[in-house]
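Input: structures, listed below.
Two complexes are shown next, each including subunit A; its partner changes from subunit B in the first to subunit C in the second.
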Partner chain A sequence: MLQLIEPFMFGLLTVSILGAGLAVVLAPRITTSALAMAFAFLNVAGMFVLLGAETVAAFQVLIYVGAITVLILYGVMFTPQQPRAYGLFFQGQTPWGALLAALVALPVVIVAFTFVDAGVALEPGNDLRPLGTSVFRDFAFPFEVASLLLLAAMIGAIALVRREREIEEPPGAPHDPQRRGPRR
Partner chain B sequence: MTSAVPLGAFIAVSALLFFIGLGGVLVRRNAVVILMCVELMLNAANLAFVAFSRRFGLVDERGSVFVVFVFVVAAAEVAVGLAIILAAYRNRPTVDVDEIQRMKG
Partner chain C sequence: MVEGPFGIDPVLWAVLRLAIAIVLVIALIMNGALLLIYLERKMQAVMQDRIGPYHVGPFGLLQTFADAIKLIAKEDVRASQTDATFFIAAPALVFSPMLAAFVVVPFAPPIVGADLSIGLLYLTTLGAMGVLGIVIAGWASNNKYALMGGLRSAGQLISYEIPQILSLVTAVLVLGTLSMVEITELQPGPITNIFVLPLAFVTFFMAALAETNRTPFDLPEAESELVAGYLTEYSGMRWGTMLALTEYGNVTIVCAIMTTLWFGGWNGPGVEAFPILGILWFTLKTYAFILVFMWIRATLPRLRIDQLMSFCWKGLIPLTLLNLGVTAALLLAFPDTLVPVAIANWLLLGAFALGLPALQRRRLRRIRARLGAGAMPAPRSAS
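The block that comes next holds the complex of A and B.
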């Protein structure tokens, strides 16, 4: 009985992940897509727990489900669009794109099943200590570079969306409501 | 201790999620949805990283460290990507990738 729980959870998570992934691609409303994406992330975190990597699962929930989903929802909120026909959600090359993805996916999935487990498996859990030692010892330099990347991305994002200040009105000039600063 | 679910099944789920994301990038028009599909692809790669590091060959628990770097790159990518989309939207109110043809402001 206890042996059946793991395959059952795996099947449940698989159906949820693939269903949510398809919902992201096919949903007629963009908010539905965003929430389906959050659901897929949450189920991938469940997969991490099933693999015994609890720390990574916690990071997944914090960063993906928490931060990135909120960021994407902000993007959805700031770019409102007119309602339109469902067919117009897709590009003209949709059949070819879907065919290409399916054709490449087929051999890759077949090859994926050829990987077999090692003879010994890691005990589930307890992955915080190896993760911490590798981040701060073996991969300390890439870790620092990653922090620089985040800083550069933050500055770049702020610089891209910053509005130019309105040009200072010269003293005594009549106020012109039409006049704006250069828009970027 | 062997697990009830083989490694190949995890890798297959990861591959399927990756190709669903790839299909979304190829067929959708909305730039924000394309960004979401890229995130799905990154997450599929994460799943493969964790599965291989926990189960494959000479098990090395340090494999999960790459997932942390993928998190960092994903956060940077989505921040800059959304900033570009918002800048383009402010220029012309559309997020359709086939209508954003000019990169000049």
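The block that comes next holds the complex of A and C.
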């Protein structure tokens, strides 16, 4: 009966991921979509745990639930809340959407049904060292290139939103040493 | 058929074990929160020359129990314009990561929920998950104060996560493992990690204060400007879960991390003979840190939000990055001994402790010079 737990968990996670994914697309409100997305991410982390990749699961939660979803919620909150505007997000383009989804799904299905067992199955909970060596030794260069790209994107974003001339702020009161004046 | 412990079927035992563990941890958190609130009130009372709670029970010991019963019995109030689902979901979203974090806390050699090989990473991950609940709580309340509180809190938590994780990474570089049990076993003697990495400890301590929304970083709950931040619309046990249980649970977790990483966890006299004694040492060490947290709360005033952010981004993050770089370089250069790392860490800590007041004074001088002698102090702009 213990062997049945893993398939059961797999089924539960699969249903949750698919359900959450559907909720992201179909939910009438954008915040519901964001939360459903966080739920989907959590379930994907569960999948990684089932595969014995606990570290990847932890990073999945740390980055996607802890950071990305929060950023998306920030974006939602700073967007004007008008019920009518949601129509823009959910236009009725079902045929085209179905075509695109089929185009993406086809390779996935082909790969899924022709997949042979992975060469090396990891012992659960031992993926830390393989992951570390592959990221920082075998794939160190692509990793650094990716971080350079992110750095460039960050500098670009800051340059885009930067004001040319700071508005003159009143300087800090003398009794308040902590007061930060405008940057010179 | 494999026999599980106590002759119980292993499948049933797995379920039973989970149930027992959850009940134990919830009892631990609830009682811990009740006692910590009492402790906090008494501590502050002593420091402020008051008596503190003393009406209910001997020495007022039952005061927080009475408060808890009041919270549970309270009517479930929800403003009509709040977002029902999210409003109800938020306390659970804040509470459950904290609850899950107790799995890897090493109380004593025989008492560890699960010895995960990535225990520390797991704790960091769960710490990051709490932000989501706070943002949702602030947004769902449909209240400007709550929204401001939630956003401030999210900004603060995301910012201070970086120095916190960088300090942990520095410690992990030296220790070479992420498992909480192995980390504890690496520091058996009186020479614990604190003598090697004092600066990482200090930066982690400051980041932890911010991560748990404690003074001087308790801006999300700044009552003079934000009513109660993201808690404004909450009452009854929802408020109790969000504030009391989660805050004190998180404080306990953070203090447990500090105990494990820098002060040898359960190690203490007599643990080899009676492993169960580890609980005593672990609890004592953890509560010592909790007492320091309370001491700080009774002593320090609250920072302003821009000071908070600039302290993190211009102070803590460069410092922790520098510490990480220096530690990594020294570990590569001297793989056999930790003495150079320790010397560098103590030197950096000294530079930090002495350099901060000097920097403050310089800035103050510059501000005074800019203001000139007879200038009228400008009104403070809202920030």
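The rule is short, and it goes like this: the second predicted complex is superposed on the first by the 140 of 184 C-alpha atoms of A that agree within 3 Å, B and C clash if a C-alpha of one lies under 4 Å from a C-alpha of the other, contacts with A are read in each partner's own complex, and residues count from 1 in each chain.
Here, a contact is a pair of C-beta atoms (placed from the backbone, for glycine too) under 8 Å apart; a residue touches a chain by one contact, two chains touch by 3 or more.
Source: prediction; values computed, not measured.
K.L.:
Which partner, once the models are overlaid, touches more of subunit A's residues, subunit C or subunit B?
P.N.:
B
K.L.:
Classify the contacts of A:E54 with the two partner chains as first (subunit B alone), second (subunit C alone), both, or neither.
P.N.:
Touch status of A:E54: second partner only.
K.L.:
Of the two partner chains, subunit B (first) and subunit C (second), which one does A:L18 touch, if any: first, second, both, or neither?
P.N.:
first
K.L.:
By the touch definition at the top of the document, which applies to A:L148: first (subunit B), second (subunit C), both, or neither?
P.N.:
neither
K.L.:
With both complexes superposed on chain A, which partner does A:F115 reach: first (subunit B), second (subunit C), both or neither?
P.N.:
First partner only, subunit B.
K.L.:
Based on the superposed arrangement, let me know which partner A:M77 touches: subunit B (first), subunit C (second), both, or neither?
P.N.:
Once the two structures are laid over each other on A, A:M77 reaches subunit C alone.
K.L.:
Between subunit B (first) and subunit C (second), which does A:A67 come into contact with in this model arrangement: first, second, both, or neither?
P.N.:
both
K.L.:
Under the stated touch criterion, which partner chain does A:L35 make contact with: subunit B (first), subunit C (second), both, or neither?
P.N.:
second
K.L.:
So subunit A touches subunit B in one structure and subunit C in the other; where do those two contact lists coincide?
P.N.:
55, 59, 67, 74
K.L.:
Of all residues in subunit A, which touch subunit C in the complex?
P.N.:
The touching residues are 1-2, 5, 31-32, 35, 38, 54-55, 58-59, 61-62, 65-67, 69-70, 73-74, 77, 125-126, 128, 169-181.
K.L.:
Okay, in this complex, where on subunit B does subunit A touch?
P.N.:
1-17, 19-24, 26-30, 32-33, 35-37, 39-40, 43, 46-47, 50-59, 61-62, 64-65, 67-69, 71-80, 82-87, 89-91, 94-95, 98, 105
K.L.:
Give every residue of subunit C touching subunit A within the complex, in rising order.
P.N.:
Of all residues in subunit C, those touching subunit A are 10-11, 14, 83, 85-86, 89, 116-118, 121-122, 124-126, 128-129, 131-132, 135-136, 139, 147, 151, 154, 158, 161, 178, 303-304, 306-307, 310, 360, 363-364, 367-368, 370-371, 377-381.
K.L.:
Can you check the complex and tell me which residues of subunit A touch subunit B?
P.N.:
Residues 3-4, 6-7, 10, 14, 17-18, 21-22, 24-25, 30, 33-34, 37, 40-41, 44, 47-48, 50-53, 55-56, 59-60, 63-64, 67-68, 71-72, 74-76, 78-79, 81, 88-94, 97-98, 100-102, 104-105, 108-109, 112-118, 120-123, 127, 130-131, 134-135, 138-139, 142, 146, 149-150, 152-154, 156-158, 160-161, 183-184 of subunit A touch subunit B in their complex.
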